[in-house]
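Below are structures written as structure tokens.
Each of the next two complexes has subunit A plus one more chain, namely subunit B in the first and subunit C in the second.
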Partner chain A sequence: MNMVRLDKQNLDNFIRELSAEYSVYAPGNTGGKTEFIPVESGDEIDFSRTVTDMSPKGIFFPPAEVLFEYDKDGVRAAQTSHRPIAVFGMRSCDARSLVMLDRVFGSAIQMPDDEKFQDPYWKEKYDSSLIFGFACNEPLSTCFCNWFSGGPYNRDGMDVSVVDAGDVYLMEPVSDKGIEIISKLSCLTDASEEDKALLEKMASDAESMMTAPLDVEGLGERLTALFDESIWDEISAKCVNCGACTFSCPTCHCFDMQDEGKGEKGKRVRIWDSCMLPIFTMEASGHNPRALSRDRVRQRVMHKYSYYPENYGEILCTGCGRCVMVCPVNLDIREVLKKFIAYNEQGK
Partner chain B sequence: MKMINPDDLSKAIKELLTEKKIDLFIGWEKGSLPLSATPLFITSEDEAERAVFDITCGNNLSIYFTKDRKQFADKKVGIAVKGCDARSVVLNTLEKQIDRANVVMVGVPCHGVLDKKKVLAKTDGREVLELIDNGDTVTLIGKGYELSIDRSEILSSSCLACIYPDAQECDIFIGDARAEVPNENRLKEIKEFEALSTEERWANTCAEYEKCIRCYACRNVCPSCYCNVCFVDQNDPGWIGNTCEFTDSMIFHVIRNLHVAGRCVECGACERACPMDINLLLLNRKVAMEVKDRFGDIAGLDINGKPAMVDFKEDEKQDFIMG
Partner chain C sequence: MANPYIPLQMKVQRIETEDPDRTLRTYDLTFVNESEKEAFNYLPGQFCEISILGKGESPFGIASSPTEKDYLRFTVNRTGSVTNDIHYLRNGDIIGMRGPLGNWYPVDDMKGMNVLIVGGGFAFTTLRSLLIYLLDSRDDYKDITVIYGARNPDLFIYKDEIAIWKQRDDIQFHLTIDNPVDGWTDKTGFVPTVTKEVSPGPDNAMAIVCGPPVMIKYTLPVLTELGFPDERIYTSLERRMKCGIGKCGRCNIGSKYICIDGPVFSMAELKNIPETV
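Moving on to the complex of A and B:
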């Protein structure tokens, strides 16, 4: 299907039309911070920040999600909304993060059926969702999506690609779901040949704004080889082990489950957890296998750049740069990875 | 405004290392982002060259004494301190977390550190690619803009209310240390908060704590928060719920607030670390003011004193007990 255009003054109509069938999420401003919020009109959308402060993972993997409720009469599944979700304005890095999370929660990778783990809470929301991606015309200095086969105009994980081209949004369907929705919405018009040429130029301009990527080929193996080296002490020295990086990260997905009960009833809640916190690995005996800061920093780096790629064939980082921006001690993951690669090249 | 000459700081660190007075020096160096310096652990003269101190050095470095259960217990450690950081070292000394004899405190003349959210408000959210600290003014440079703004407009709220910008306790000071500096804005923010009605105060407090994502950056950058096991890191019993529901977050912040009563040095590191821009310092400063009012104590000011919460004076106010 061909490219279509949406006049910006029609954005409100577009969102309203989409809202008839979908719960629509888009970047919004909440108390000075930008994050993905439910919207019903175009006015509520805030595109002022290239990367939203909080990642969109919470739409599909909420910070606290009730799995079921219980009382003395039994267990009941949690109440869920069955309206499908549409997200408008998701950057390339974030759209890719959903593909990565889907391998874990939705088992998108090929595995024998009996080994397939599928998380119904994730699948219910993600499988029926519609992702309107949003290309980056002005990547930030903290963006490093191009290190991991991403890019400002990458379309992985999108159903429809959207490009801000001045007075209009240029849209192109990426998936079958995208083709279907584009054909249904009334406020879109066909794009011209000039539009297509413009989009190509904008894409190459954006790519050229990115700084040269680090060569991460073989990074996982290098990290594994350096597992017991003292470089981890050096890397982790300044880390204070808060969870700002993990909670702002679009791909960190570790969780804890807790029962919140009172009297004869209660509920089981799934809550975001963080490998940075000491309780993450605290055992019932009181022993903690990751007692030191170094152990926890190493776990986070290994999970992203070694364990996950070993399991799923791709690094668990989209280079969105949020961890770089929020770290209270400026422990920059880009510098960390550079150090590891340099360390290995010295033959140590 | 007399700014530090970074060469003087590097020189002092080098001397300490060559004279074997310290094994390690904790300072700041230029960070990977223009608005953030980053902690630097110096063991060689080369590394000492990298030490800086400017408006971006917001971290209170004394947190590293208690990290990983007193990791430097057997080392002689030098540390760069602003006025507030020096109070943390003193407080941790009084609380037996630091052996003062093993620490060389190097005071740096502080004119306040920046608050990133105030900077971004000045640039309308546009990314800052370069910051130049000129002293009275700060130049912010980004794609297609260059702004010169008054230093005071982007300072952390803790700095705007500060009366001890320079270390009152230290071994070496780079330049001339100022004693207590009068500040007419000392209690401004607190008095404004107190003037609100109960309903307004509650609404404001709720609005702030509702933003919390429970990442604990505030706790982890706080030199007064060093419990071996924090109450939120326990699950048997689980003292509080760990969701980002307002009630859970509120309890976390209120308990932390009370736990640092008489111990908060008002450095503002918590507020600067918060990724959600929660106004964390207001209640801490309000409690610090109460402690000063009732017990006459300012946390970490007197190396020969006793922290308010472990001291008792016959004449101290007891009306809260007597009713």
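Moving on to the complex of A and C:
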């Protein structure tokens, strides 16, 4: 299917039309911070920030989600049926993160068809979702999506790609679901040859604004080889283990399950957890397999750049740069990775 | 679709206190719903998450053998808030359970082989499951040797069964305690030392080791020294498993999740994983 255009004046109509069938989420401003919020009109959308403060993972994997409720009669799964979700304005990095998370929540690599390993709460929301991606015309200094085969105009994980081209949004379907929705919506018109040429130029301009990528070929193996080296002490020395990187990260997905109840009534809630926190792996006996800050920093780095790639063939980082922005002690993951690569090349 | 987070309802059928300090108790649970019992198939080495609603879940190795059809058995050390509440349970109480989770000891590969079982303290749970399973098809296996150690005589679990196993002439059963105690007639010394002393032959033999991390750490090299190849040494590891289905992210060692890739691993597998024991 061909490219279509949406006049920005028509954004409101577009969102309203989409809302008839979908619960629509888009970047919004919530008290000075930006995150993905449910919207019903175009006015509520805030595109002022290239990267939203909070990633969109919470739409499909909420910070707190009721798994079930219980009372004296037994346990009842939380009501999960709702309208399908459409997300408008998801950056390339974030759209890719959902593909990465789906590999974990959608199944287990060991038993891909076994329902016992499929997360019903994730699947119920993600499988029926519609992702309108949003290309980046002005990547930030913290952006490094191009390190990991991403890019400002990358379309992985999108159903429809959207480009801000001045007075119009240029849209192109990426998936079958995308083709279907584009053909259904009424406020779209066919794009011209000029539009296509413009989009190509904008894409190449955006890509040229990215800094040169680090060569991450073989990074996982390098990290494994350096597992016991003292470089981890050096890297983790300033980390305060606050977990801000993990909560802002679009691909971090560790969680805890906690019971909230009184007497015979209550619920079990899944909440975001963080491998940066000592209690994450603390056992009831007091034994902690990751007792030191170094152990925990190493776990996070290894999980993203070694363990997940070993299991799924792709690095678990989209280069969105949120961890770089939020870290209270300026621990920059890009510098960390550079150090590891340099350290190895010195033959240590 | 099936929801792996919803616990099954189980009824406490029998409670047995294992030690004089009453920190170790064994629970036999039965299924409230018969259809769930039919669907529940497991092998020795697997574990379950036991729920005390309002408190949370903790993982426990299954101590019964699948050949014991009437109940699921768990032995619980009172150490945290969930286990504390479990210790307050009474017969007839209903609790939640998810499982079976994880993999199992290679019982099929053991057929026709000599089996060495090395255990320590209250980690003998899944080893009991394994031992009962092997004994229920005794002819399928050759020599069975068990080395079981505890800090002192009180801390062995399943004492009545141990007395019976020791009487049998088709099991070599060695008990050991850390330090001498008056009236103790079995072995004295740490499990690795006793393993060396008993010196079971590695030929056509499989070794299964489960116990506290420090016991595993010092027993594995002894088995290697005795000539057991890495592919025929298995151990069961433990972390703070939570979801049990490879999602929540806390029980990994390297790229493996103990809750789905384990808890049973061969030495050969562990050698490729950093930071295991």
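The working rule: the second predicted complex is superposed on the first by the 339 of 348 C-alpha atoms of A that agree within 3 Å, B and C clash if a C-alpha of one lies under 4 Å from a C-alpha of the other, contacts with A are read in each partner's own complex, and residues count from 1 in each chain.
The rule is short, and it goes like this: a residue touches a chain if its C-beta (ideal position, glycine included) is under 8 Å from a C-beta of that chain, and two chains touch if they have at least 3 such contacts.
Since we're looking at a predicted model, the values are computed, not measured.
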So, after the overlay on subunit A, do subunit B and subunit C clash or fit? They fit
Which holds for A:324: it touches subunit B only (first), subunit C only (second), both, or neither? first
Between subunit B (first) and subunit C (second), which does A:258 come into contact with in this model arrangement: first, second, both, or neither? both
Check the residue A:342 against both partner chains and state whether it touches subunit B (first), subunit C (second), both, or neither. neither
In the superposed arrangement, which partner chain does A:138 touch: subunit B (first), subunit C (second), both, or neither? first
Looking at the overlay, does A:31 come into contact with subunit B only (first), subunit C only (second), both, or neither? first
Once chain A of both complexes is superposed, is A:243 in touch with subunit B (first), subunit C (second), both, or neither? first
Does the superposition put A:285 against subunit B (first), subunit C (second), both, or neither? second
From subunit A, separation angle of subunit B and subunit C (C-alpha centres, steps of 10 degrees): 90
With the two structures placed on a shared chain A, what shortest C-alpha distance in Å links subunit B and subunit C? 5
If you lay the two complexes on top of each other, which residues of subunit A touch subunit B in one and subunit C in the other? 256, 258, 282, 284
Hey, which residues of subunit A end up touching subunit C in the complex? 67-68, 70, 74-75, 77, 104-105, 108, 110-111, 115-121, 123, 224, 227-228, 253-259, 261-263, 266, 268, 270, 273, 275, 280-285, 287, 289, 299, 302-303, 306-308, 310-311
Taking the complex as given, what residues does subunit B use to touch subunit A? 31-33, 36-39, 41, 59, 63, 67-68, 117, 124-125, 127, 129, 143, 207, 210-211, 213-221, 229, 233-236, 238, 241-245, 269, 272-273, 275-277
Give every residue of subunit C touching subunit A within the complex, in rising order. 1-7, 9, 53-58, 79-80, 82-83, 96, 213, 238-240, 242-243, 245-250, 252, 254-255, 260-261, 274-275
Residues on subunit A engaged by subunit B in the complex (per definition of touch): 30-33, 48-50, 53-54, 63-64, 138, 140-142, 237-238, 240-244, 246-248, 256, 258, 260, 269, 271, 274, 277-279, 282, 284, 292-293, 324-326, 328-332, 334-335
